[in-house]
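The first chain written gets the first letter, and so on, giving A, B, C, D, E and F; residue counts start at 1 in each chain.
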Amino acid sequence: MMSRPRILVINPNSNQKVTQGLEDALKPLGFAGGPEIICQSLAEGPFGIESQADVDSVAMPLRKLVESDNSFAAFVIACYSDPGLQVCREGTDRPVFGIAECGVLTALARAETFGVIAIAQRSIPRHMRYLRQMGLTDRLAGERPLNMSVAETASGEGTLAKMIEIGRALRDEDGARAIVMGCAGMARHRRPLEDALRIPVIDPTQAAVTMALGTVQFSAH
Amino acid sequence: MMSRPRILVINPNSNQKVTQGLEDALKPLGFAGGPEIICQSLAEGPFGIESQADVDSVAMPLRKLVESDNSFAAFVIACYSDPGLQVCREGTDRPVFGIAECGVLTALARAETFGVIAIAQRSIPRHMRYLRQMGLTDRLAGERPLNMSVAETASGEGTLAKMIEIGRALRDEDGARAIVMGCAGMARHRRPLEDALRIPVIDPTQAAVTMALGTVQFSAH
Amino acid sequence: MMSRPRILVINPNSNQKVTQGLEDALKPLGFAGGPEIICQSLAEGPFGIESQADVDSVAMPLRKLVESDNSFAAFVIACYSDPGLQVCREGTDRPVFGIAECGVLTALARAETFGVIAIAQRSIPRHMRYLRQMGLTDRLAGERPLNMSVAETASGEGTLAKMIEIGRALRDEDGARAIVMGCAGMARHRRPLEDALRIPVIDPTQAAVTMALGTVQFSAH
Amino acid sequence: MMSRPRILVINPNSNQKVTQGLEDALKPLGFAGGPEIICQSLAEGPFGIESQADVDSVAMPLRKLVESDNSFAAFVIACYSDPGLQVCREGTDRPVFGIAECGVLTALARAETFGVIAIAQRSIPRHMRYLRQMGLTDRLAGERPLNMSVAETASGEGTLAKMIEIGRALRDEDGARAIVMGCAGMARHRRPLEDALRIPVIDPTQAAVTMALGTVQFSAH
Amino acid sequence: MMSRPRILVINPNSNQKVTQGLEDALKPLGFAGGPEIICQSLAEGPFGIESQADVDSVAMPLRKLVESDNSFAAFVIACYSDPGLQVCREGTDRPVFGIAECGVLTALARAETFGVIAIAQRSIPRHMRYLRQMGLTDRLAGERPLNMSVAETASGEGTLAKMIEIGRALRDEDGARAIVMGCAGMARHRRPLEDALRIPVIDPTQAAVTMALGTVQFSAH
Amino acid sequence: MMSRPRILVINPNSNQKVTQGLEDALKPLGFAGGPEIICQSLAEGPFGIESQADVDSVAMPLRKLVESDNSFAAFVIACYSDPGLQVCREGTDRPVFGIAECGVLTALARAETFGVIAIAQRSIPRHMRYLRQMGLTDRLAGERPLNMSVAETASGEGTLAKMIEIGRALRDEDGARAIVMGCAGMARHRRPLEDALRIPVIDPTQAAVTMALGTVQFSAH
């Protein structure tokens, strides 16, 4: 009997609660006959990835992880800065997906323009630089910060209300027709946010794992 | 018992053989617990979509089809010119995916640059115009034609050999690091082409249905 | 005696009042020795073109019209969404001009930047998508809606005052140095609007028919 | 009786033969009831405008000319480098058209992509810089030089044959679907070149004077 | 003994006070063993360069100056509109630097985004056109005017306070992470402005002469 | 007595020969009264930086180095991939320059278009991605590889001949009007290459240290 192909979703921070949140968020893609989706924290990761140093410090550990285990059919790096994406791709012939890239690309498949909800103001220049790098700025409506920490966002009670407020500003003032949640730890707010805004809301990890699943399925059959 | 959500994949031409090819190509996404994927020809469609008139003539029939049946959770328009995509989106609150858009976006999730294999030279200006419309030209390496008809491509014996030749030119002369197959009828050549070129090859219908599947699953749960 | 070449200006909606307005607006180009300019409503057209469905539903009827009569030296499609422009060009070897394209191009010949007055908010994403398609976004200062119907715009009394207000916002807040009137039914307001704003105001139908006239004259002599 | 409005077409070089060529080329726009089109050499101009020094040396003389005579309703600067265009616009409230700008804009109204035939290789970087300045590079297919002097181009016997050769390269190798003749002195070759290439060929002076004529007519009525 | 190479910094206006200001501003690059930096007013220049006519009227005199003296190793044109830059480059094989170009390029070496402080509102369209010409708009955060004359800016008492106010708006509202002072006469405000804003502030003449110095040194050794 | 400000030029690889080459190349900026320029290898660096893993592995060690010593007035990262540039900037309030960024920016101050000589074909996609990130692709003429190792380039005898050959292709086939040497180890070939090509040749380390020197001088005085 052939074993199911496995997709490794790596949370590059060591906050186990975020990893657990990823697992919950990805359950709808856990089909009986489909790929196995495994979420794992990066042991070497900081508790949250908020600075450029956090981003750059996990690149090589991610590469090592990706190189070390030949049993995965695809990898997903679950941090909205796509840390180590290029170096991981260099280190394996398996597909490696970054959630920021996949989140934006998936938003572009749904609507004319997209807006991004960032955790913090300080991440926005990094995200803008990355959008330029990807050549994907033309349909950006805007990016606005929650100004919360990753931890707060994942667990805080007022998070959803704040996300709705920011989402409305992106939609009504900036003209966004889809919203990308700019953090791996916001997934559980996707549906209520979409219900409130009535435009597509993209969880980037879900977007990336969807692409990984398709890639794996079509390679295997 | 809740019924499975259904995704309608519409082949805008009336060539039943192409529709059958889509069904075969999409089998790997047919999970027991997942959405039901239904492929259907557009009755009003021409036998192949090759000219701008072919493209424009199916827009309103596609709209009518999309509006007429409330039972689908998402739609995929399976023609590499994305005919009627905007008008279909206007006519329904369900997500509508175009395979050209999704094919290119998925290629961008896999590699730095992409190349497109078109059926015919005459489609390339239309594709280029559409890439500009989508704001997705920055990472295009090139587009080259097979110079075959849709029918020949779907069934002809020499098709794969010709695709490999064109794919090599896109890879080696134009610098493409992923290939998008620019037609809904090329799906069965995806794997051998990828094996020959050793860079990712994207079937656009598979790419779009993957995105549709993810969208449907995450909306439903 | 050689007959005068004829330019067919097609109003893709069936509102005869708009067609009459086009005729009036184009009189200054009706030279004794020049091309004959004929304005005609599209029988199959809706009363106004406001939605994407309106746009797409007239494409094939426009194509048929363009193909059916060999006696015209050039065609102008007089709707600011340029419906059917590509499919009409495919169907004839005579030049076919779209008023949106010509309106923007003519504004670019007059000033550093341009602003667009749209009829309705909902048209703006469609116009932006089209500007991207044409590769003409670099000098756009902004687009703002009147939020009136096509019919109101053509006949309403308060239209000019509202256009001046919107034009001032485009000029003073967005930095526009020329204004394109984003509708075929605004022509009679061109001069008073230009007098009020003191920057060039472009009526797109006048712009397109001017280009058509030049093309026809230089081909014929 | 109201006098006809007058359009001044300024040949910024002092080669009277080129000015005469402009007059011949513009005859088809000389309507009985229309604006009077007057062609004039710039007394201070060099014999041909080939270098950047030639371009820059005529800017202030052009400004002086434009400021000195209040009797013209519009001006056209008939040199494919659009010398002094901005400074002339600053000096008058009448419209001033540059033939390079109008030539490219008119080509964009005719076809998906355009190619430019330059006189000399050395002009191409200047033209490319100007295209970037205008924000009009997205649909450029290519520019290729004749490598002839302005004088040769205007009068030489082999010019047309060479233009056809270059035009074919732009069309077949670069993908141009319209051709802009990148010099004011090529007008008499427009029709035979178009007949040979079977794609639209734009004479930039004709394009600019057409736009000027429309502007003048619609302002006056 | 080999003489020191000389860099000629040309103030294209005839305001000797501005030239003196340049000399003061450039002292820190006056190394004993390094190039000699000579500042000179353009005799033919207007008292200040504020209009397009001012800009264009100095192009040919600058060219003559650059051509006339073979003793300089490099030239810097010290006006934020880079008048005559191309025509001067054509006239000499020595490097010619424009301060607007060098100011922006140097800002890009320091920060993600830049803002520009212009003297007057009317210069901004000219600067924007030039940024497009240089292909350097992607990282522009914004440009805002002081609305002072060149003379006021150089000597006025309230200038610094006004610059700080405008700089804060560029930083906090537009997102600039470096500031370019858009005039050759603002140099003495660079350090206090940088101290106040706490982001890099670039004096364009200092930027250009720095580049000239490097070029000269590396050519000579 | 105030001590001279110091600029630290970090060679991120541990090849002492390359560091020695940097020292030699930078001598012309070593002015008696100017900043002290200190070149240092990164102890943790690989022998050469050729892969993405090489690039990413030095980012955090560079950050640590930059943070650890408060005595430097500016830093230059001397590798044409600008490893760790953003993370170093985050870690210090002193200016940090990347040689790739400065090399390209300096080329843009010299000529209309630039070409890049890369060491190896595999670096080109990384460089292109970085150019897009910087928003500096508009004036790129092309990039071509030497297909030599870093070590060979620094010391090999045939290097100059090969560089001239590649430089000619960039100039004559791609239209480059300035050349950027895409490696820190090519400096000693700058002058002979420039002599051979007769267009400006930019050594990126010299370009970056020039900018650093100017920044330091103008901050200190």
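We take it that a residue touches a chain if its C-beta (ideal position, glycine included) is under 8 Å from a C-beta of that chain, and two chains touch if they have at least 3 such contacts.
Only a predicted model underlies this, so the values are computations on that prediction, with no experimental measurement involved.
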Key: Relative to chain C, chain with the most remote C-alpha centre   = F
Key: Magnitude of the superposing rotation for chain A and chain F (Cα, nearest 5°)   = 180
Task = Measure off the straight-line distance from the CA centroid of chain C to the CA centroid of chain E, and report it in whole Å.
result = 44
Query = With chain centres defined as C-alpha means, what is the inter-centre distance between chain B and chain C in Å?
reply = 34
Message = Using the touch definition from the top, which residues of chain F touch two or more other chains?
response = 129, 132, 134-135, 138
Key: Chains that touch, pairwise   = A-B, A-C, A-E, A-F, B-C, B-D, B-F, C-D, C-E, D-E, D-F, E-F
Remark   = Listed in rising order, chain B residues that touch chain F in their complex are 112-113, 138, 175, 177
Remark   = In the complex, chain E touches chain D at residues 51-53, 55-57, 59-60, 63, 84, 86-87, 89-91, 126, 129-130, 132-135
Note = The chain E residues in contact with chain F across the complex are 27-29, 31-34, 95, 97, 101-102, 105-106, 108-110, 134-136, 138-139, 190-191, 200, 203, 206-211, 213-215, 217-221
Chain C-facing residues of chain E, complex = 125, 128-129, 132
